[in-house]
Amino acid sequence: MAHYKILGKDPYWMNFYGLMLLTLIEVAAVGLDLSDFAASYDTTEKVVTLWILTIIAIPKFIMIAAIFMHLYGDADSKILTLTALFPAFFIIIMVLFIGLTHPDATTGLPDWCRPGTYGL
Amino acid sequence: MSDHDDHHAPQPWGPHDWHHGAPHNSFSPLFLSMGVAISLFGLAAAWDYGTYNPGHIPTILLGLLVVGFSMFIWWRQDISFDGHYDPISTGTPFRGIQVRKVATWVFLMSEMMVFTSLFSTYMRYRLGIENCGTVFERGMFDPVTNPTGWQEGVAVTCFEPASHLIASSWWHLAPGAVNTFALILSSFTVVQALRYAKMPDLDEEARRKKVYRYLASTWCLAVLFLTLKMVEWFVGFYVPEISFIGLHEHDIVSLVDEGYTINADHYQHHSYIDEATGAHMVANIQVSASLFYVTTGTHGAHVAGGIIGLTYMTFKAWKGLYTPANAVSIEYFGLYWHFVDLIWVLVFPFFYLY
Amino acid sequence: MERKTLVTRSMVALILISIAMVVSPAVNSLPTGVGGTGIQSSGCNCHSAVPTATVDITVDGLPEEYNASETYTVTVSFSGGPVESGINSGGFNLWASGGEFSVLDATVESRAPAEVTHTEAGNDYRTWTVEWIAPSHGRDVDFIVHVNSVNGDGANSGDEWNRYDLTVAGSLGPGLDPADPFTVLATLIIISGLLLTITILYGFYRTNPDVFDWEHLAPWIADWLTTTDHKKIGTLYFVQGLFFLGVGGILAMMIRLQLAGPDMGFISQDQYNSFFTLHGTTMIFLAAMPLINGFANWIVPLQIGAPDLALPRINALSFWLQPFAALLIFTGVFSGQGADTGWTGYAPYIVSTGAHTGVTMWVAGQIMLVASSTLTGINFLTTMAVMRAEGMGWMQMPLFTWSILVANLMLFLSIPAFGVGLIQVYLDRTISTAFYDIAAGGDPLLWSHLFWYFGHPEVYVVIVPAFGVISEVLATSARRSIFGYKSMVLAMAGIGIVAFIVYGHHMFTSGMSPNLRFITMLTTMLVAVPTGVKIFNWLKTLHGGSLVYRTHTLWALGFLVTFTLGGISGMFFPSITMDAHLHETYFVVAHFHYVLVGGTVFGFFAAIYYWYPKMTGRMLDEKLGTLHFLTAFVTYNGIFWPMHRLGVIGMPRRTHTYFITTEDFTALPEWAADWNMFISVCAFLFFFSNFILVANMLISLVRGQKAPADPWGGWSFEWMTASPPPTPSFDWNNLPVLKDANEHIANEPSAIGRWFNRLMVPEDQEEVSH
Amino acid sequence: MGLITPLYDDLWNEYVLWSALVGLFTFGWLYHHSFYYTAKEGETPNIDNLEVGVFPKEYDNLKLEFAWFIAPLMLIIYLTFISWAPLDNLWSAASSEDGGHYGNECAAGESSNLMFNDDTGLYEADCYEVFGITGYQWYWEFDCFDLSEDLCAVSTTTIEGKDQPLISLKANTAYLAVMDSNDVTHAPWFVSLGIKEDVLPQQTTTQWVLADNVENFLLLCTEYCGDDHAYMIAGVSVHA
């Protein structure tokens, strides 16, 4: 249970308001025409939207985990946060190895491991 | 003939004697496994590579019945639980925390890996298969000037994100957006239920009402979530005329009716029409549709599982059986429920918006 | 009243299970079922219900006694029945139990090598001629002839038919009918099941010989079906694991029969494919994993001083998911539609319509096993994290408990990937999603990635508990504390981490991203380091010790030999240049059987001899145990050692036969066939040698010496309880406290230690415990 | 043993040597200790005073443990190093500018001159030829593209009583096999050349087929592909 306050108010309510606000921004980011803004940064609207969505997803994620799931402010918060973060390494490995690789023919050793001067 | 417990025979069906450490036999695991096996068997019998054999639907129903029966046994044994023997950790790093709270977190670790697998699949395909929009922009095929272009009538294999349909109009996005708010709201109601159940200086009737109402509203929001999902996938809806905001009467077509299905090997979209010639680009989008339905469907299945748990908890709350002593069991459910909400925070932008 | 309802209800449950058990394997995998028209048994009954005696069949050209391999011209003709009209006059079916028919003209076609029938054109005749090439075996051959006498109106009414049987003698007289492999398999499994039932009944009888009646049996069984006690569930796991170890062994024996010589015809290709698939799946998921869980269930709570697991009912659920999963996995085996994908089930074959229909059920069964493993993982991790006795920090846990901790951590973090892959395949095969539909852009390597992301940690999950067992057994047998406890723990943790980044070495030749292939070549080499540390630590433990030879000591030393050999052969694979040749050969088969049988199974054997007294209160027989060790160890090496050589000279795995060098082509040398025969003989000896263990367990259960609480002189908590331990294993209100023979605990923690303590131990314990 | 290709054999011999050394060391140690440090008949001494319920006295030696952490590490670093150069040969780039060992694709009439260079321990060639392999359930199909009859020819032959495809290649020639599959995953194993690589539907994989010796051998399928997997074979005939 929460034993702290956010801006002097109840943390659950504050968190709830905050989440609603962020979600509204997300929906707006998709709905609004950002192509001019994107053009000024020499990129496409899709990229801008994706960036906004990713950046907003992070605080939302943290707010839910920290306040609703009591990973902040409780006596057991620290150890439970560590527990929750434990799979991070394995998640990164899976994303790198499965999500971000592609099948390919072996047309030579990868460049980064061919210094060119080794040999027996 | 069970031997070592001197004071009572284990009751495999009835309520638990929550005496600490007494063997509490249960038929529930046996029946649950049996039911799951029967359902999976029936499911595989009822569909074979998309061919539907309705004769096997009773098998699935039988399986679900057995599962339901086992849940009933489980709950019957649980409902008398008043929190007095909730086991507490003794091992160093977790000392003092409820054992089942730790178990819930450990369970969430494996859930994280489930969704990571799904997202890895998504990334692999999203990055590995060319986007349909990109293919379309390359223009129509011409043996000399545009050899990589698309041809009228020949399906291109490409990736068509559902967001192309969903984010194309506010009304299409509406069910998903409402769902986002519904889930956040339901996270909030669960945590409120926990707060009031724990509040020590509340009289019993007031607590019963608060907890019961908050849990019931969570239940309603979860059902709303699934309903809107079904509307968005299969049903579609009607938009009335509201003249002062310039809205005209029309129907929002569901994703399936738009042709966005797992069997869509000749998918068409109104934006894939060549302006000069009026030719349609047709696409094979089965992989992207499968990804969309299975990933959001897995999330939906988690919500459905939550509804089953909530049904029991709402009933228990209605009976007034939550007290500050056993309120932490709402927290166990709440952790799961917030986690489902967290996943939606990721699913929504990547499957509905981007 | 209460006992009565209990009995009735348990009976309902039992009946349901029995029905499921009887029905499930018999259910044809959908949508097709057992082939064959049944003409041999039911005749041509579409032409009329019963045969007509007046239709007279003559078969000319067959001798009284045939000469082996000679060709005979056989004429089948008949008279009688309706009047011949010239068109559509009749038809026939000729079946022989041996030899082959060859077709002479267009009136006859062959349905099978030893079965011929008339063609569309042959329908107009009442006489047909074929050639029969007599078999070479010289046994009697049976012929069955069916003829239709047809009136030519195009409909079946008014037609008549008859059947005629004759036997042609061979020089060697009547022979035995060749057994259908399915019949053999089914018979053996049913016999195993019966023996198991008898054993269980006898077990009940021995519990209390005075009341051997239904009134007592029913609640006894109901208690086993509903138990949540960790020791009883452990025993259930053992029963399941040993039973399927036997079933997997039977499958292996049938594979070895087929491979005893080149081109043996004992089992067909189709059957072979399905048998090796089930052998792999059964051994890994239905034998090894339940055995690990059996030991974990029994020993872990005892070793950490906990009365039970953290979530006893979930524990029961993880067990009960397994037998039902096994039913699904074996669905369709006896109708020839069992899974035939290999235990890896590579896409896109696994989702293709060419694969057997039983694959869907096999996938469904494995989905249940994934659920079971996840629940087990949650349960054990929580138990070990939160229920350790006072005084037992992480670094005072017995090594077996540590090994289960590492194994479960690996298992439950990796198995979701497999589960998701399985669900994708299941949906592809049922509702026709397109995850592995290549035409729609699906990527077959995605499955390989998801599978091996799980599959490689999985093989470590199976071996790491054996490490724990060996650490316990060797230290206790040498009467020493284990050498380098901390480095043992770190090595296991290292193996656990490394497991996740090396899986690409299963896919060196698969078309996977070359970058990833290269990275996993480097990381796979790393596996040698922690395993090397462990082996040297074990050896150093013996140093200055005083080895007491008992059966479990023998098995532990045997483990060191075989596991080291398996480890060394494992070093050949990360070198991609060599792997390009060795991948998917018998060298691989030899390697993983050296670590999985020589490692895991030998570890289990050591564990059985080590903990059996604790579990049953009876000592095992040392003489039988030594006999078991000697026979099994020798024959085991006889099976798998020659396989290394076979693999290098070019024998691929997962193949129904192998090719011996001919004048035209270089293939396996002739001695390869001799070695295969040798392997098959050894395999049977190994299979039967394990019955010594079973006999030992059963005999000792009845007549064994009573076991003291600490027969071997170990230090951990399980030796504190009585043999067998009471329920609950420890008193909830009087839990044991671990003392420490070292003094360092009293020392001030270092700066890092203080930081770590602050992080790991909640400061205010009042807050969280209400 | 072995005698597959020099690339493979050199590695194999080195690995077998080290395996034997590690094996001798370990087993020597094991046998010595298991016979030397043995309890007398009927005796159960208690060297470290093991006692139930007491975590035993620590028995360790950081230097030793570190030593046998480092020793295998050194060994595997060495083994990785010797595996590296042959890998570059196995996965050679397809053009000489990118550091390929087999030159560029041969012009008409140009000769490949594949040979094993004992000094570098690698195969080298002036140029290479290209042919195609396609896997079907359950047979192989070869495609010689526009190579001359002498360099590459496809015919059929009888193996174990069945007609199977046969590809004839010329000795001392480097070939690049460009591979594809029609249905499911297969893998052609040139047994006597010690190489294999999966063929995948809708995707192209490649492998270097270094035909150096005159020999007729079998090509087997080594990725399980269904019913007739064991009999999915072809003949390879390397002529002078």
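We call the chains A, B, C and D, going by the order they appear; numbering starts again at 1 in every chain.
The rule is short, and it goes like this: a contact is a pair of C-beta atoms (placed from the backbone, for glycine too) under 8 Å apart; a residue touches a chain by one contact, two chains touch by 3 or more.
Please read all numbers here as calculations on a predicted model, not as lab measurements.
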Winner on C-beta contact pairs when A-B is weighed against C-D: C-D
Farthest-lying chain, centroid of Cα atoms versus that of subunit D: B
Chain nearest the overall Cα centroid: C
For subunit A paired with subunit B, centre-to-centre distance based on mean C-alpha positions, whole Å: 21
Chain centre separation (subunit C, subunit D; CA means) in Å: 29
Distance between the centres, which are taken as Cα means, of subunit C and subunit A, whole angstrom: 42
Distance between chain centroids, defined by C-alpha means - subunit B, subunit C (Å): 34
Residue numbers of subunit A (touch at least two other chains): 75-76, 79, 87, 90, 94, 98, 101-103, 105-109
Multi-chain contact residues (two or more partners), subunit C: 392, 413-414, 417, 439, 441, 443, 445-446, 450, 511, 514, 518, 760, 762, 765, 767-768
In subunit D, residues with contacts to at least two other chains: 87, 91, 197, 200, 203, 205
Graph class of chain-chain contacts, one of line, ring, star, complete, other: other
Touching pairs among all chains present in the structure: A-B, A-C, A-D, B-C, C-D
Touching residues (chain side subunit C, partner subunit D) in the complex: 263, 269-270, 272-273, 340-342, 344, 346-349, 352, 354-355, 391-392, 396, 438-439, 441, 444-445, 475-476, 478-487, 509-511, 514, 518, 521-522, 525-526, 528-529, 532-533, 535-537, 539-549, 557, 560-561, 564-565, 568-569, 571-572, 574-578, 580-581, 583-585, 645, 648, 650, 652, 654-657, 659, 662, 664-667, 709-710, 713-717, 719-720, 736-742, 744
Of all residues in subunit A, those that touch subunit C in their complex: 74-76, 78-79, 82, 87, 89-90, 93-94, 97-98, 101-110, 112-113
Residues on subunit D engaged by subunit A in the complex (per definition of touch): 81-82, 84-85, 87-88, 91-94, 98-100, 120-122, 197, 200, 203-207
Complex contact set, residues of subunit C against subunit B: 2-3, 6, 9-10, 13, 16-17, 20, 24, 30-31, 207-208, 216, 219-220, 222-223, 225-229, 307-308, 310-313, 316-317, 319-321, 323-325, 327-328, 331, 353, 357, 360-361, 364-365, 367-368, 371, 374, 377-379, 381-382, 384-390, 392-394, 412-417, 419-421, 423-424, 426-427, 429-435, 437, 439-443, 446, 450, 726-728, 732, 735, 760-762, 765, 767-770
Contact set on subunit C toward subunit A in their complex: 413-414, 417, 443, 445-446, 449-450, 453, 497, 500-501, 503-504, 511-518, 759-760, 762-765, 767-768
